[in-house]
Amino acid sequence: MKSITENPVYKFLLFPIGQILIFALGASVVLSLVTVLLAFIFKFNVTDFDLVERTMLILPQVVINGVTIGFVYATIALGYTMVYGVLEFINFSHSEIFMVGGIVGIQLMAYFEHIGTLATMNEYLVIALAIILAMVVSGSLAVVVERLAYKPLRGAPKLVPLISAIGMSFFLQDIVRLILSLTTGEFNVILPKFGTFDEFWKLAVPGMEDPLRIQIKSAIMVGVAVLMLVGLNYLVNGTKVGKAIRAVAQDRPSASLMGINVNQIISITFLVGGTLGGAAGVLFALKATKLDPFSGFFPGLKAFTSAVLGGIGNLTGALLGGLVLGLLESFAASYLGIFTNGAFGAEYKDIFAFAILILVLIFRPSGLLGQTVGQKA
Amino acid sequence: MTLLNTTNVVKRFGGLVAVNKMTFSVDEGRIVSIIGPNGAGKTTFFNSLTGIYKPEEGQITFKGQSLIGLRPDQVAATGIARTFQNIRLFGSMTVIENILVGMHIQLKQGGLDTIFRTRKFNQEENDAEQRAKDLMEYVGLKNVGNELARNLPYGGQRRIEIARALAANPTLLLLDEPTAGMNPNESEDAIKLFRRIRDDKGITILMIEHDMRVVMGISEHISVMDYGEKIAEGSPAEIRSNQRVIEAYLGRGAAVAHEQKA
Amino acid sequence: MNTLFGNFFKKANTGFWPVLIALAFLLIGTFSVYQSPRSLAAFLILMSTPLILYFMKMNMKVKVFIGLMLIVIILPVLGIRNIFYLEVIFQMAVFAALALGLNIVIGMAGLLDLGYVAFYAVGAYSWAIFGSKQLSLLYSVPGAAPADAPFALDPRWFWLFLFLGVGLAAITGILLGLPVLRLKGDYLAIVTLGFGEVIRVLALNLDKPINLTNGPQGITPIQRPPLPPESILQFFRDILEPFVGHVPTDAEFYNVFFYFLALIIIAIAILVATRLEDSRIGRAWTAIREDETAAIAMGIPLVKMKLAAFAAGASFAGAMGALYAANRTFVSPETFSFLQSIGVLTMVILGGLGSIPGVIFGAAAVVLLNIQILQNFSLYLSELRQSDAVIPIINFAWKDLSNQLDPAKYQKLVFGLILILMMIFRPSGLIPAERRKRELVEEKE
């Protein structure tokens, strides 16, 4: 009798989606509870309004924001974690691969606007095209970067490729800036306005006065990210290429002896990571509506933090880490100011991730889920 | 007198028990070997002794003092020096500097002594340098003090590693496959060197070794490990004729054949 | 070709030739900078002198003499004559000291610190807060400062803060190091990066709840220590006037003063670094860099030694920070960005990890590139833009070139390229580190 876990529909569709749902719900619930608890504790500090009431009032929106950005972080984090799993190397320039994806996506939409077809095209088609183009460009760029800047350094001491990657990160930022400046005379790119993405779906929730408002673009972001995650899961766990990737991550010399073309697999790893990064770039652009060549830096660092938080090298971990970090950040941005009576606020949002990174590395360096892919002594 | 004593040391990696209930002791002033097939847990046992791995269970005492919970540098400070299976010299440092690093524990110079080059500092550095040269000669190396360690031939690197370990003035010297990759002549020289180290300096030697000629030629006591456990111990003659040892090395069939031949 | 040049070099590197060549560069360089202060080529000729001194064989005393002539007399005089060079040499000195400090951390101990500029910030803000009016403005909103707020301390306290900067930065280094130095090398890099950003964001936002840093506007004015007494200044004014073509102003004296102060810190940095390198501590650092497992088995306590490296490296940055705050009379968070950390890293990598002459060269080269070569290029482009020139063949009018294209703003591109190319083609740097050769007496047979 064939067990249900062997059924491909279960294994590659139901199980991962279920896992994603559980992670998203679980992380949201846990953090919400902690926040409400904190609200009760801090209640007595704040006299001019009811802290608990205000906390509850904005809670649904905070959770939705957190989950949305969390999925973006998770999608970027997969690029870091895959490369780390295979090469034990922090691909520092992944944040720029991501940024390039976002900018390419916006530029495509701007092009449609320029030739005048943006208003008449199906808005979802536009987004789909932008994502596909971003995936192609970012994926290829990641492969090229690997060939030029990392491959010659394979086998060198660990810090050597890392420094090269930092250099590549800076180089890409300014090259993009140069190209944008020369072609458009401006290096900020702005998402053209089109479609109905800024509108809200209103979901009536029993027991709540106001309906839950979900911005359509948030739903798109989550939807596309889930699609990417499920697709990646299938690629890594359900195909021959995935098996080769896992083999190389586990033991490169042996994989090579088994006839696996290690260089090719490494390229594929970068390709896959870059592709995901490109898609995440467009999703991020939808939310941020404005990008510049330096926009990749912070999301990239946060995604890396997510990867470490979940357990670097572990794909499921990257997902969980991304969600947790997105939520934590959203909570910090919304509640830090309220709880401290305005002394500290959302401006500390960006360094919040670092605090988490440092804490995780000190107290649980293997991350929430531990390391499963390619852990070497 | 017992110098090093372990009782029921267990080291696990996940589900794998790499060292299982090792009870073992080394008497002062002896040359003792641990042998066993590849993967028997010998190096893991070494690493557990020196604090690189933290054993899950068991006791380790050295000169009556427990080593459990000490960091590797603290273990080294108690008087245990070691070499590594695959030579681990500081490649970009010169030979002399490698040996000087071995003296880290003995040197007393502080940061301020260093910056102000006090008399104490200069005196200590001169003495250390002289000792390093003596050690270099002691292990049979000449005129290579300023060479980068990585530029030396294999045999030379093995010797520097031993000189570096001796520089710490150890009571116990752990050698992890010290003659691996040597030809018979070099092994012969190495054996002589180990004897001299014990005889001149009174340093107790515990080694892991594969080369039976070396093991049988030098050891006064041998322990045999297989699958993480000690399966036999005794004098070289006893080990040579021990049934379980032959099985472990050659498999059961061979052991039976050996018995019939005998 | 190569051997031809090699032979030529060999011949030139004997007898009195090296001295002659060095003097020639020194004199021709000085004269041409004097004649045409805006010429890049002239300055490059002059700045080649130290390289010649370093690479060619000559008497040590002669080397030191020519070197001192250049940095103690010629450069400051040329600087007073043309204020631009004062800025160049001051920045070179500041960054050389920073690079020397970072070199202890990365080059000697092998710890990739991407947030080094944080220690610089600690030094700078410590004098900025106490050496300005900020202490009396703690409860006022940034920008709304009452004009009559008093300075908290006498400017002479600067000298104490120079040392306090050292101490504070070292303590910060230890506090950061304690939790993170157990981490693997690449994690350490990211965490230090994060730490650098944390310090910057704190500087940016600690204008509330109490106004400690004055937020993004930064702190100004910051006091400078008093110049030497007027009688001494007058003496130098009289000497210098004929050479520089005008009566040197106090502002110029201040720049020279800070340049010399930076030189003294560099001298101390070099002394401390070379002495540490060749000692138990330095050897332990190198051992850790090469092989942690072997190092710890030799009895080297890893965390303690790494902390020492962090603290030593940070202390130079702290001193330079206090100096910088006083020289600029202004600090703001943007001075302490990640870009600065990478800039210092680039200097260290370009010159040679662990190589003291290398990192000084790296600092000088990158500063020159940044504030002179790229600037010149920018000027050249803007001149082209204003002209009617056209690129032949593709028929592109310079006029149409984007205003955004300002090479001086493309530091990241330059740093990035240097880092990548050095890692691929010359990871040990342009002037690689050398181990000290000891005099080993041949044993008698």
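Chains: A, B and C, in written order; residue numbering restarts at 1 for each.
Basically, a contact is a pair of C-beta atoms (placed from the backbone, for glycine too) under 8 Å apart; a residue touches a chain by one contact, two chains touch by 3 or more.
Note that the structure is predicted; figures quoted are calculated from it, not measured.
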What topology does the chain touch graph have (line, ring, star, complete, other)? line
Using CA atoms only, can you tell me which chain is the most central one in this structure? C
Per the centroid of Cα atoms for each chain, what is the distance between chain A and chain C, given in Å? 37
Measuring from the mean C-alpha position of chain A to the mean C-alpha position of chain B, what distance in angstrom results? 49
Please output the residue numbers of chain C that touch at least 2 other chains, ranges allowed. none
In the complex, go through chain B and note every residue touching chain C. 50, 52, 71-74, 76-77, 81-82, 84, 88-94, 96-97, 100-105, 107, 109, 111, 114-115, 117, 121, 125, 129, 133, 137, 142-143, 145-146, 148, 164, 168
Per the contact definition, I'd like the list of chain A residues that touch chain C in the complex. 89-90, 148-149, 152-153, 156, 158-164, 166-175, 177-178, 181-182, 185-187, 297, 301, 304, 308, 342-344, 347-348, 350-351, 353-355, 357-358, 361-362, 365
Where on chain C is chain A touching in the complex? 110, 112, 114, 179-180, 182-183, 185-187, 189-191, 193-195, 197-198, 201, 204-205, 208-209, 338, 342, 345, 349, 401-405, 410-413, 415-420, 423-424, 427
Taking the complex as given, what residues does chain C use to touch chain B? 271-272, 275-276, 279-284, 286-287, 290-291, 293-302, 308, 435-438, 440-443
